[in-house]
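The following blocks contain the structures, represented as structure tokens.
You will see chain A twice below: alongside chain B first, and alongside chain C after that.
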Partner chain A sequence: MSELAGSAVFFALAVVIIGTALGVVLNKNLVHSALLMTACFIGVGILYITLEADFLGAVEFMTYSGGVAILIVMGVMLTHRGEGVPSNPFNGRELFAAVLAAVFVTVMGLVVTFIQIPPGGGFVSGDTVADLADMMLNTYILPFEIAATLLLAALLGAIILAKGDGEA
Partner chain B sequence: MTIGLTHYLLLAAVLFAIGMFGVLSKRNIIAVLMGIELMLNAVNINLIAFNRYLPVHDLSGQLMALFAIAVGVAEVAVGIALAFRIYHDRSTINVDELNRMKG
Partner chain C sequence: MHNGILYLAGQSLKELMLPVIGSELIVNLIMTLICIVILFLLVATSALVFTLGERKVCAWIQVRIGPNRVGPWGLLQSTADMLKLLTKEDIIPHGIDRWLWVLSPILIFIPAAMVYALFPFDDGVIFADVNIGLFLLIAISSQSVLPFLMGGYASNSKYAMLGGMRTVAQMLSYEIPMVIALMGIVMITGSLKMSAIVEAQSEVWFIFLQPIAFFIFLVTALVESNRPPFNMVEGESEIIAGPFTEYTGMRWALFFLAEFANLLSIGILTTTLFLGGWQGPDFLPTQLWFWIKAFLMVIVYQWIGWTFPRTRMDTILSFGWKVLLPLALVNLLLTGFGIYIFRWLL
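Right after this comes the complex of A and B.
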């Protein structure tokens, strides 16, 4: 990819990601927020692919824009209060939150601008799936097993929480 | 103009700030969860950009992002189940009204 095309892709993706993320937090309708969040995650997945992380891009599409978005839309619909009730109101502290977010962006912007980035480039893998699997099942086998246990516990916990213990 | 690590870090910082704004300013518990998801994604962009642009010798950044995604998804499942349970018991998911531990 030529340099100009790379920059154009990055800035287009940045506009999509920031625009949809702003839509998520500013939209009055919670269902619209959830759908915009799907668009935001698709943008982030494409950004991963431009960062040579194609497997993680696919994972992002499947888990976030697929699974999480559907889960959240279901949550929105199950907790709907009926017509006329605003589904996504602010809580009256939005000025405080906006100031805090602006301060965060300013501080992080200063840090990122003035930090020394060591030269030498990064690691680009020709086959991310094979390399990730190799690391996951050798060096990082313990975190892998812990993640498996965590997912099992979270699934069981979610089922018991949603159903209640007495009403199986 | 070459796109470098700085651009990705700035984009992630803005995304994180938007998510933080959502978490702090929303009244609906599911909207708060959406803000947390945006923040998690911003962190993952950082991890993958570090793996791509800093001098490392393996894919450890991408692997950490993968673990972060697994933890984030588990958190959403439990969070939605909690929100559903709270709505079932109290008919509200307004975080400002949820100040009792006891039903």
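Right after this comes the complex of A and C.
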């Protein structure tokens, strides 16, 4: 991709991601907020793909906008309180939020200013899938399996919580 | 390197354009645009063919005559249907969530059309032959769940909402056995690249190496694309038309455009993954083999759909989780053993 086209795509994506993220926070309808979050996830996924992290981008599509977002949207829709009521109420903590946002922006600004970025970007593997598979299933197999066990325990816990001790 | 008809046609078109236009970048851009237009035309044509084809096949299986009034053998029925849908009144119900309601049929069409970019139609003819091909394909097609739920919620109708909920339940639960079943193919090929998967089948088709995966894929593909006998999302005998209940005219037609695009894409996907893609004996061109296999698979899917009665929602879900998922895991294990035994024998 040429330099100009690359920046054009990046800025278009940045507008989409930040716009939808602002929409999530500022929208008065909770369902719309949740759906805008999905749009934000998809934007981030496409951003990963333009940065040549294609596997990460596809994972973002699959787990976040295909799985997590659907669960959130479904939860919101099932607990929706009906018409007329703003379902995404605002509270008076703007000052707190502003301070937090300011701290975040400062930290990110410092990171960008002081960290040395190698010219021409870092090393990007040509075959991300094979390298990731090698890393996860050879080098770091133990942490991978521990994470899997943790997830299984969480799954069983969720079933017991939902169905009750006796039934499950 | 590549010698399919489509590939050669594309190459010669490129060579014709290069001296006229000069810049290679612009030629590539034009070629990309042409490919996108062709893919969209393919999707649109599939809808045109299947509006008639579906009813003809259905009638043939159920020993009826089917549409035969408009044109010879009813061939112009699709045109008549399209005119009817275009001239229908666009009813916008009260109490809906306007934005989501309008967006839902449009958004449903996008993933259905986008997966066509990842299909290898012929030797060297694939719009995006990326390293993560198969995974990206599944990731994109998993995006079609949310628009259904959006439409169901936005319609502000109980039937639509129930349909939306059903979509999520069945599509999310059948994605898991599908992915695990397809892992067997990926293990044998050693790549997620779509072209590599087709190349790997030059000697033995994967339907013979992965019969269990083929069976699981057959079922899950029907569920994922809401085909009968698993079209619980519409389930017209129970919930009218599910998420499409409140839509009329062209908005309703958009849902069916996506549905027919999905029908063709599961036919193509089965061909690519299990039936050797565009490969076949030399007496016919590869391009012809591809479409013969894809349409045969489409007819198989329609045959299954019109033969079996619609299942129940709870039986679908328990079948998915309690039968297909363990079966897919066993298949994965057997494939692993099989690969090791094969290597040991060599």
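Note that the second predicted complex is superposed on the first by the 150 of 168 C-alpha atoms of A that agree within 3 Å, B and C clash if a C-alpha of one lies under 4 Å from a C-alpha of the other, contacts with A are read in each partner's own complex, and residues count from 1 in each chain.
Rule of thumb we're sticking to: a contact is a pair of C-beta atoms (placed from the backbone, for glycine too) under 8 Å apart; a residue touches a chain by one contact, two chains touch by 3 or more.
The model shown is predicted, which means the values in this text are computed figures rather than measured ones.
When the two complexes are overlaid on their common chain A, residue A:Met74 makes contact with chain B and with chain C alike.
Ranked by how many residues of chain A each touches, chain B and chain C are led by B. Looking at the shared chain after the overlay, A:Cys40 reaches chain B, while chain C stays out of its contact range. By the touch criterion defined above, A:Thr113 lies against chain B but remains apart from chain C after alignment on the C-alpha atoms of chain A. Of the two partner chains, chain B and chain C are each touched by A:Thr128.
Of the two partner chains placed by superposition, A:Glu145 touches none, neither chain B nor chain C.
Shared-chain residue A:Tyr64: touches chain B; no touch with chain C.
The contact surfaces that chain B and chain C form on chain A in the two complexes overlap at residues 55, 59, 67, 74, 128.
Residues of chain B touching chain A in their complex: 1-11, 13-22, 24-28, 30-31, 33-35, 37-38, 41, 44-45, 48-60, 62-63, 65-67, 69-78, 80-85, 87-88, 93, 95-96. Of all the residues in chain A, the ones that touch chain C in their complex are 2, 29, 31-32, 35, 38, 42, 54-55, 58-59, 61-62, 65-67, 69-70, 73-74, 77, 83, 127-129. Interface of chain A with chain B (complex): residues 3, 6-7, 10, 14, 17-18, 21-22, 24-25, 30, 33-34, 37, 40-41, 44, 47-48, 51-53, 55-56, 59-60, 63-64, 67-68, 71-72, 74-76, 78-79, 87-91, 93-94, 96-98, 100-102, 104-105, 108-109, 112-113, 117-125, 128, 131-132, 135-136, 140, 143, 147, 150-151, 154-155, 157-159, 161-162, 164.
Every residue of chain C that touches chain A in the complex is listed here, in rising order: 25, 95, 97, 99-100, 130-132, 135-136, 138-140, 142-143, 145-146, 149-150, 153, 161, 165, 168, 172, 175, 192.
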